[in-house]
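Structures follow.
Two complexes, one shared chain (subunit A), two partners (subunit B, subunit C).
And now, the complex of A and B:
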């Protein structure tokens, strides 16, 4: 049973490095292991202190009603925070907003990123210049981007001016403060600022597709669109999976844009209330609700996990192998 | 499944318990002793940055205090005051004395992180009669005083002299009774150049609380529950909604600006109801705008305005309480108050200093000083942050006409109360 596997493994290691000599190696193996651990230790310590412990602590807090001030006192409330969340209309509104946001943003940003990457990989002129220019938004801080976008979309801003002078609008639209537009403005902003990052990842993925496939397809008379759909897209599935995952996680954690546009209230009339914003409100704006905020954070984690898994299944990562 | 979960969980619980034990322990109240013993001690004072003038005046205040008492002071400046202060309080690294916004005072005092000052005041025989009463009351809860106001701001009415005069009116034509304001704004609207809105105001509970309470119903009842949709409240607020829909009043965001001071400064509106902080902002950034100020129009003959005040409060966990109290005592004494309010250009919370600085004769500041006597402090118990959140969230829906005012206020009240019920009770 194990033989085939063993042979596989042996050929694997053989291709990478000479197999270690068994007897003499054990001493060296141990030293290497210690060395390896020493190299990893700083990261592990940082990871445990700043990531794992806080996660565990917030999991614990989510089952309590906690007062962190002065002498900390916990009151074990079991699932009360979770039940309250289930009955909380604001949580559902936030969930609806967040889902609507993700459903809109993730597919569009993925498609645009893929298209732009394909174009930039096709050997057009000034390819590198374009790559650099397109990557710039990713390097800018998102709160600075939000301020710029608020200017662009403001009542007297360039976008309204252009639309009005083209005759597309009769009067300027208040994109930022109208209930109907606020979330959409954030969507556009987010697509614009994340596309370059995903495009770069796609560009890297494109380097791995053998050019012989395209040559063969050209000989068979395939056009550019067919090559994109039949060669590029299927070969990029693993990269697409990564892009989808990161996109979904980013969307569900949407905070800074919503915070800046609504001044932290999630208004107008809950239009920009996102899940992260609600967590922030309970954690820092009202005192004594840290337990509830923790419960919401755990719920968000579960939602992101589930949605990501569904997206992965839908994209059928395994089918290509 | 259960087994898998329970182990890590119990470890976390255990560490939580250890945490609690380590942080527990009540502290005894520590009352000021002989001041000379405090010489050479060092305390930390937490502030937010404020304007350049405020920073300079604060440094002067600290220098004067150190000279007077020999106690050294370190500044700790917060950028995001509310979040950072909370983190510091939880982590036990909060300054000995810090600014407390009246809005937050009830929540913080309920958590026991603020030292009651009554004993210190008694010991030092400090006279509280000189403080403006609304400013002192803002920091009282359960008959204890948790801070002494360092200054205050109130709301007043600003008008653009040129715009008003070009429209053929004088400042005296601006009504002093709220009920007549919409009619005047209507007349003004016809004569203003296009693109200029008659009046502008920020639409949030912090500015509207006194309007909502003008009929006698408080926005929060004695149990801390929100009350926003009583008939007298709707009646008091409805004129604002009507005026908004007639485009007589706009919000700064409707005009594409961040806050009312900028809209007024850019001459996008002729009249504005704002706090006195806008005076220096407009003088600095829009020096060509000629403005005048008046008191907020009365509602049914009663004067009303909002008061925003900030205190110096003592950290109940501080190890230098006596020295901390000395600082509060000095900063709110006549000497300290004079240095601060003269330098920073703010309104002193002591009546005698306001008189000494002749603020009642100051053309622009006088209406704001006058409001100090009757303004409603922006403070209403520990549930106010939730009530304000829902009000600010839903009022725009009423202004836009998506809901009637009553529907919006009912929804705000219900959502807030549900939240208060589950989270704070």
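And now, the complex of A and C:
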């Protein structure tokens, strides 16, 4: 680099032709590059230490057996962890729970989010007041929300009282300790707490649809239903794909609520065992299975990437119209 | 123009009903925190406490040995975490938008790529890395790996790309160097975007559950979210205490939300545009 500068300088003085600006410019470029990298330095250090290195490390760990006794000891085991995952009943239970959860939660939360966004976008007054209220659950920590729902669904809680007084239940049910109800409680809570976020995304999508489309349709005599089906829904397809994708990814990442409700066990009877919870258990609760947990984390990442890729492909086909 | 009235009414009925659905659990939580234990176990559908009391709050603040400590921990971690994030993210965003240096575009693409990596894959290696750095079970374990946020670096870059160049040039004519220009001129002018990222970063730190669970083991270093969970597992069905503790954990966020509503709404719009 030094010789390069020297050459520049020499040609400058030799020919006299290029204005001194150029020489000054290259020095300024160099200074700007140093400043730019200085400004990036904290980001680069953290990016490398806590994101890039861990990705590689995680991949490595997934092929080893890890022993933590004072130091760290790795034993290369090849694909053993992945083979074990295939044969692990608890992994299949967690996958089954996750799919059950996603099949229930994703369509409902998407439908409610779309409905509420459409209502908010219909030119009503107090739009901001309603949005402010709706957003409360999204701001609240998962742990406080889970506490509140555990109370609502507890033996003496209001949900039991309502159901008993309506005659729908003979006696109060301990929802969070019942195999049949524990996951449902989490589903209800998560629909309730994630709708506002997706509603906001839909609202932005609705506001992006040019109003001229609706005006043109009105001139052609289209009614509200036809406008919804012919303009709103098709124009929102990319948004819907995004919402579905984020919803599905959210289901695979479900952890906090399942952990808190079951006290970390995934019980009763593995009813609240989610994929993320099982990774946590193998990594931090049982000894000598950290490598195995890393393999499960890699599998989870692959699942999430696959879902994303499918969604992206769908969106591309959509925009080919 | 003639407009039918009933669709409008239906709209408002839907809006108000959903607002009630949203508020109902919070209302129960807040009112339960003022109820004595006897009213909680009695069940019943009376939302309003018959004998309102502050005893639950008194209990968690004076008799629980660690609860006040957890509040302090959460405040400390969230505040420090927010400060470093705001500084680092803004610097990085500015650098990526405005300063030319070799490899800048690759770095930007790399940041976009790692934004898609799910957090689960990082948890175990980060545990081991922090273990060898000796920062497990310290506040640093929560602050340092979270000291930057790729989404907000991206946000700040977008902001600075549209930032008027004349401002910086004028500052340089006045004899300020790059760092002075950034701190005295550029950073203050970006305060709306800075405030938006600050509220969401603070919220993220305040509400985080998984990382404190993994990286903090001493109860006196717990954050409020983790403390709440351990408090619940100790007080099993003492819902009056648990609700009081939950309500206390939500209050700072609600205050922030009311005070800085403008920035929250702006942040949500950004989230919505993604």
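In the analysis below, the second predicted complex is superposed on the first by the 251 of 321 C-alpha atoms of A that agree within 3 Å, B and C clash if a C-alpha of one lies under 4 Å from a C-alpha of the other, contacts with A are read in each partner's own complex, and residues count from 1 in each chain.
Note that contacts are C-beta pairs under 8 Å (C-beta built on N, C-alpha and C of every residue); 3 or more make two chains touch, one makes a residue touch a chain.
Quantities reported herein were computed from a predicted structural model and do not represent experimental measurements.
With the two structures aligned on subunit A, subunit B clashes with subunit C. Within the superposed three-chain model, A:177 lies in touch with subunit B and out of touch with subunit C [touch as defined at top].
When the two complexes are overlaid on their common chain A, residue A:84 makes contact with subunit B while staying clear of subunit C. Residue contacts after overlaying the shared chain place A:72 against subunit B and subunit C alike.
When the two structures are aligned on the shared chain, A:284 is found in touch with subunit B and with subunit C. Residue by residue along subunit A, subunit B and subunit C are tallied for touches, and C comes out ahead.
When both complexes are overlaid on chain A, the residue A:200 reaches subunit C alone and has no touch with subunit B. Legend: residue contacts after superposition of the two complexes on their common chain; A:57 is shown touching both subunit B and subunit C.
Using the contact criterion defined above for the overlaid structures, shared-chain residue A:158 touches subunit C, although it does not reach subunit B. In the superposition on chain A, no contact is made by A:310 with either subunit B or subunit C.
Of the two partner chains, neither subunit B nor subunit C is touched by A:111. Clashing C-alpha atoms with subunit C appear in a single stretch of subunit B, chosen from 235-243, 253-261, 307-315 or 343-351: 253-261.
Looking at subunit A, you'll find residues 57, 72, 154-157, 263, 284 touch subunit B in one structure and subunit C in the other. Per the touch definition, subunit C reaches subunit A in the complex via residues 7-8, 11-12, 14-15, 18-19, 21-23, 25-26, 28-29, 32, 40-45, 47, 88-89, 91-92, 94-96, 99-102, 104, 107, 110-111, 114, 116-129, 131-132, 144-145, 147-148, 153, 178-179, 182, 203, 206-207, 209-210, 213-214, 224-226, 228-229, 232-233, 237, 239, 242-243, 245-246, 249-250, 253-254, 257, 261, 264-265, 268-269, 271-274. The touching residues of subunit A, counted against subunit C in their complex, run 29, 31-37, 39-40, 42-44, 46-47, 49-55, 57-58, 61, 72, 115-116, 119-120, 122, 124, 128, 130-137, 139-145, 147-152, 154-158, 160-162, 165, 172, 192, 196-197, 200-201, 203-205, 224, 242, 249, 252-253, 255-256, 259-260, 263, 276, 279-280, 283-284, 290, 293-294, 297-298, 300-301, 304-305, 308.
If you check the complex, the residues on subunit B that touch subunit A are 8-9, 11-13, 15-16, 19-20, 23-26, 82-83, 86, 89-90, 107-108, 110-113, 251, 253-256, 316-317, 382, 385-386, 389, 392-394, 396-397, 400, 402-403, 415, 418-419, 422-424. On subunit A, the positions that touch subunit B within their shared complex are 56-57, 59-60, 67-74, 84, 87-90, 154-157, 174, 176-179, 263, 265-270, 273, 281-282, 284-289, 292.
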